[in-house]
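Chain nomenclature is as follows: A, B, C and D, assigned in order of appearance, with residue numbering initiated at 1 for each chain independently.
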C-alpha cells in the first residue's frame, strides 16, 4: 500500500462541496481511495473525509496545504491534512491496572495500531515492569492535590520531550486540569461506564447498586468537564443477578480494552471528526 | 403441559434451604420441572424459584399455602405462590403511540404472553380505534395536574372493576403518584433510554445531543421515584452520526417493543423476584 | 423534505470518478444530501450512491437519464436512477405465519416503509382475515409440485396487474422456480437462520440439534439457488440450554421481523447495491 | 473464599432428584453456595450442578465419592466431583498466531483463569519467545501427514509428563486424530467461524466470499469429527462491505480471544456439562 493523504473537513453546508473537493484531488492527478461525507442538517454543517494516494499526485506534499487553503478559505472550512506514513507517537498514561496498557501494546506490536509508543507515564510505580519488558520508557510522576500543577508541568515537558502526538489515558483514574487540556488537547480516555450513566468514580459499584442488566464502557476525547468530552466509541455487555461487583469489573475489563483500542485505532486512521460535543467516525 | 405451581421465595441465607424446599415438594409427590436459586452474599439473602407439576401432587391447591407457611415462617421467608392456569389480567396504559400496544396485543394473540388484556386506559382518545379492532374496552381518562388525584381514583376503580393484576405502561408518558403506586404496586413501565442515563423527559433528544453511539430502553417496576424502580430488562442498539433524532426514535421503537414484551413475559411466568431495588430474573 | 433523486452506480475503478459524478450534479444546480462510495479493490470496482434535491436542479426529470448516460457510458458504468416521490409497490407473499406480514404492514402504516402494499399472495387461505382488516387484496394461489408452473404464471400475472415493484417473501416457505426469478428478479426473502448455516428446511430444529449458543436470521435477494442470494441484512440472538425448539422459534420470530423490515427499508431507500453475490448497503 | 466441592450430575429424570441431592449435602452439614438444574424434556434427562462449602462438611474429601455413589447408582446417574482448590493444569497448543495464547496467559496471570499453564506445544518454533518471556516450557513438535502418529504419541507423552488436565487449542490449526481424542478427550478448540457455518479451512475468506454481514467464533470440545464437537460458547461481530478479508481476520481475533477465554473459564469452574452433542453451561 502506497502512502496516502487524508483531508478531514468541516464547513457550512452549501451546493458544490463534494465537487469542489473531489476536483481538487482529481485536477492534481490523485486517486481517491476513500471518501465519505455527512451533512448535519440540524446545524447546517458539511463534514467529509477524503483519502487519496500520493503516488501520481502532482502536488508535492508541502504545497498541498497552501493549495487546499485557497479552496477552503472562501468556504469558511476548517480542515486537517494527514499523511499515512507519518507515524503518530503515543504516550500511554496508566495507574495500577495493566489490561488496557497490555492490550494497546499487543495491538501495536500486531500492527493493528499504526503508531509508536515511546512513553508510559504513571502516578504509581507498579507497571514499570511491563514498560521494561517491552522496552518503553516509564516515568513515575506521582500526583496529588497539592503538587498537581507542578506535576502536570512535568508531564507536559515529557510530552514535548518525547514528541508525543496523542495521550491515551488507559485507566489513568485521575482528572486532568483545565489548564493541561487546553495546552495538550489530543487526549483519549476510557471511562468504565456507558456514559452518560455513572459519570465519575466507581461506576461498576454504582451499576451493581442500581441493578442494571447491561454495563458499558466509553472512549471519549478529554475536555475540561469530567466525562463530558465527545464520545468516540461505546460498547456494552449483558450482566445478570449472578454477577457481583467483581464480575462487573472483570467483564468490564474486556469492554474497556476493546472500546479503547477501537477508539485509538480510528483516531490514528484520521477517521474521527469532532464538532461541538459530537464526533463523526467515518468507517 | 399440565398445570404447575410456582413458589418464589426469598429468605435469609442458611444451611439446608434447598433441601427443605425440595423436600416439601417431593414429600407431597410433586415433580419439579424448574428450580433455580441465587444467593446474594452481599446481603446474605437466598432467593429461589421452584416450579412443579400439580398432577400427582397430593396437597390440594388450597392447602399448599398453609402447608408451606409452616416451613417458611421459621426461616423468616417471604414468598409468593402462583398457579400456571390462573391467567393474569393486564391493563395496558397508553398515550398516543401505538407500537408497544400493538406489539403486546400481537404477542398475546400469538400465545407468547399468557394473560388476558381486557382493558386499555389512555389520557388521549387516539388509540380507541385499535381497542375496537381487537375488542378490548378502552377508557379515555384525560389527566392533568389539576385533576390528577380524582382521575387516578377513577383509574384505580377501573382496575378493580376489571379485576386487573398487572398494569403495563406502554408509553403512557405520565408519572403515577406515590399514592397510586402504593395502592396498586404491580406496574411495569418502559422507559426509552438505557437507565440510569437520561432519566425523565425526551431521552432520545438528549441522547442525540450527548452524541452517544448506543441507545437503549429499560423495562422496570414503577415506584414512587421517577425511573428509579427495579430494572427487569434492558436492551441497546448501535447508532451512528447518520442517525438524527427521528432515527433514534424509530430505532428506539423496536427496542421499546422488545424490551417491554420480554419484561412482561418473564413477569407473567413468575420469573421475577424483586428485592431492594434489584430483580432476579430466573431464566 | 423535498423530492430527491438517487443514483446507484458501479463501474470499473479509475481516477476522477467522484469528481465526475459530483460535477454532473453540481453543474446542473443540484444539492447533494447524501453521497457515499466504496471501492472493492479485490475486483477493482467503484460503487457509489448519490442523492440530491430535485428542487433547484436545472435538468427536468426525463432528461436526467440521457444526460447521465453520456457520462456513464465511457466509464462502462452500470447505474440506476430513482426518485424519492415514486412510491414503490410491494406484494407480500406469505404462508401461514403472520408475524412478518403484520410487522411490515405496521411499519408501512407508521411511515417507516415508504411503499404501498396493495397485494398479498399466499399458498394458504389462513391470512385472508388480516388482509381484510387492513383493506389489502389477498390472492390465494395454492401451489404444489404438479401445478407449480401454471400457478407461477398466475402469480406473475398478478404482479403485472398490480404493478408490483418488489416481492417480499415474508415466510412464504416455498422455493421460486428459476424461471420465475429470471422474469421477476426483485424479490427479498427472510430465511430463519444465520446463513450459510442451516440452508434449507427446519433451521431452528437443526440449530437446536447442533447445540448452537446463538441463532440468527438472514434477509437476502432471491436467486435461483436456494438461500444463496446476496445477503442484505443479518441479526442474531443468544440462546441457552434452557431454550427448546419452541423457544428458538419464538425468539427467531423477533429476529425475522426485524431483519426483514430493515432489509426492505434499505432496499426501498435505494441504499442497496448488488454486485456479484454481494451487497453494499450504503447507510 | 473457602474451598468448595462441586458435583456435576446427569441422570434420567424422575421425582425427588433435587431433594435427594440437596439432602445429601445438608445431611452432611454442607452449605450450598450454587445450585442449578435443567431438565431436557426431549430426552428425559435431568442435569444439575451443586457447589457447597467444604468447611463444616462432615464427610472427609475421600469419602464423598463413595458416599455419593450410593445415592447415584440406583438413579443411574453419571457424575463428576471437583474440588475448587485442585488447580487444573493446562497445555496450550499453538501454531504461529499469538493472540489467543497471550490472552490466556494474561487472564491466568490476572486470576481470571484458575489454572496453571506449565506447557505450550506447537508445530512451529515461532512462539518459543513468548513461552520464555513467561517462564513456560515450550515443546516444538513439528507434525505432518507422515509423522502424525508418532508425533501424537510424543504429545501424549508430554501431557502425561506434565500432568495435564486440559488441552486448549489456541489456534493450533491442525486436526487431532481419532486415536488422540479417545486417549485424551479433554480438549477445547477455538474455531474462527460461527459454526456450523464455514466448517474447516479459511472461514474468514469464505465468509467474505459469501458476503455475510456478521462473523463469529466458536469454542467447542474436540471430537473425532472436524468442528462437530459440543459447542461451549459463541460470539459474533457485525461487519460491512468496508471490511476486507484482513479486517475480518483482525475483528475475528478479538472474537477468538474472548470466546476461547470464556469457554476455558466456565470449563475450569466446572460449569459445563456435556450430554450427547450438546452442553449445558450453568452460569
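One rule holds for everything that comes next: a contact is a pair of C-beta atoms (placed from the backbone, for glycine too) under 8 Å apart; a residue touches a chain by one contact, two chains touch by 3 or more.
All of these numbers come straight from a predicted model, not from anything done at the bench.
If you compare C-D with B-C, the chain pair joined by more contacting C-beta pairs is C-D.
In this assembly, the chain whose C-alpha centre lies farthest from chain C is D. Centroids of chain B and chain C (each the mean of its C-alpha atoms) stand 37 Å apart.
Mean C-alpha positions place chain C and chain D at a centre distance of 41 Å.
Contact of a single residue of chain C with at least two other chains is seen at positions 240, 242. The residues of chain B lying in touch with chain A in their complex are 38, 40-42, 194-198, 209-214, 216, 230-236, 240-242, 244, 277-281.
Of all residues in chain B, only 15-20, 22-23, 25-27, 29-37, 39, 238 touch chain D in the complex they form. Chain contact summary for the complex, chain D toward chain A: residues 99, 102, 106, 110, 112, 133, 240, 242, 250, 253-254, 258, 283.
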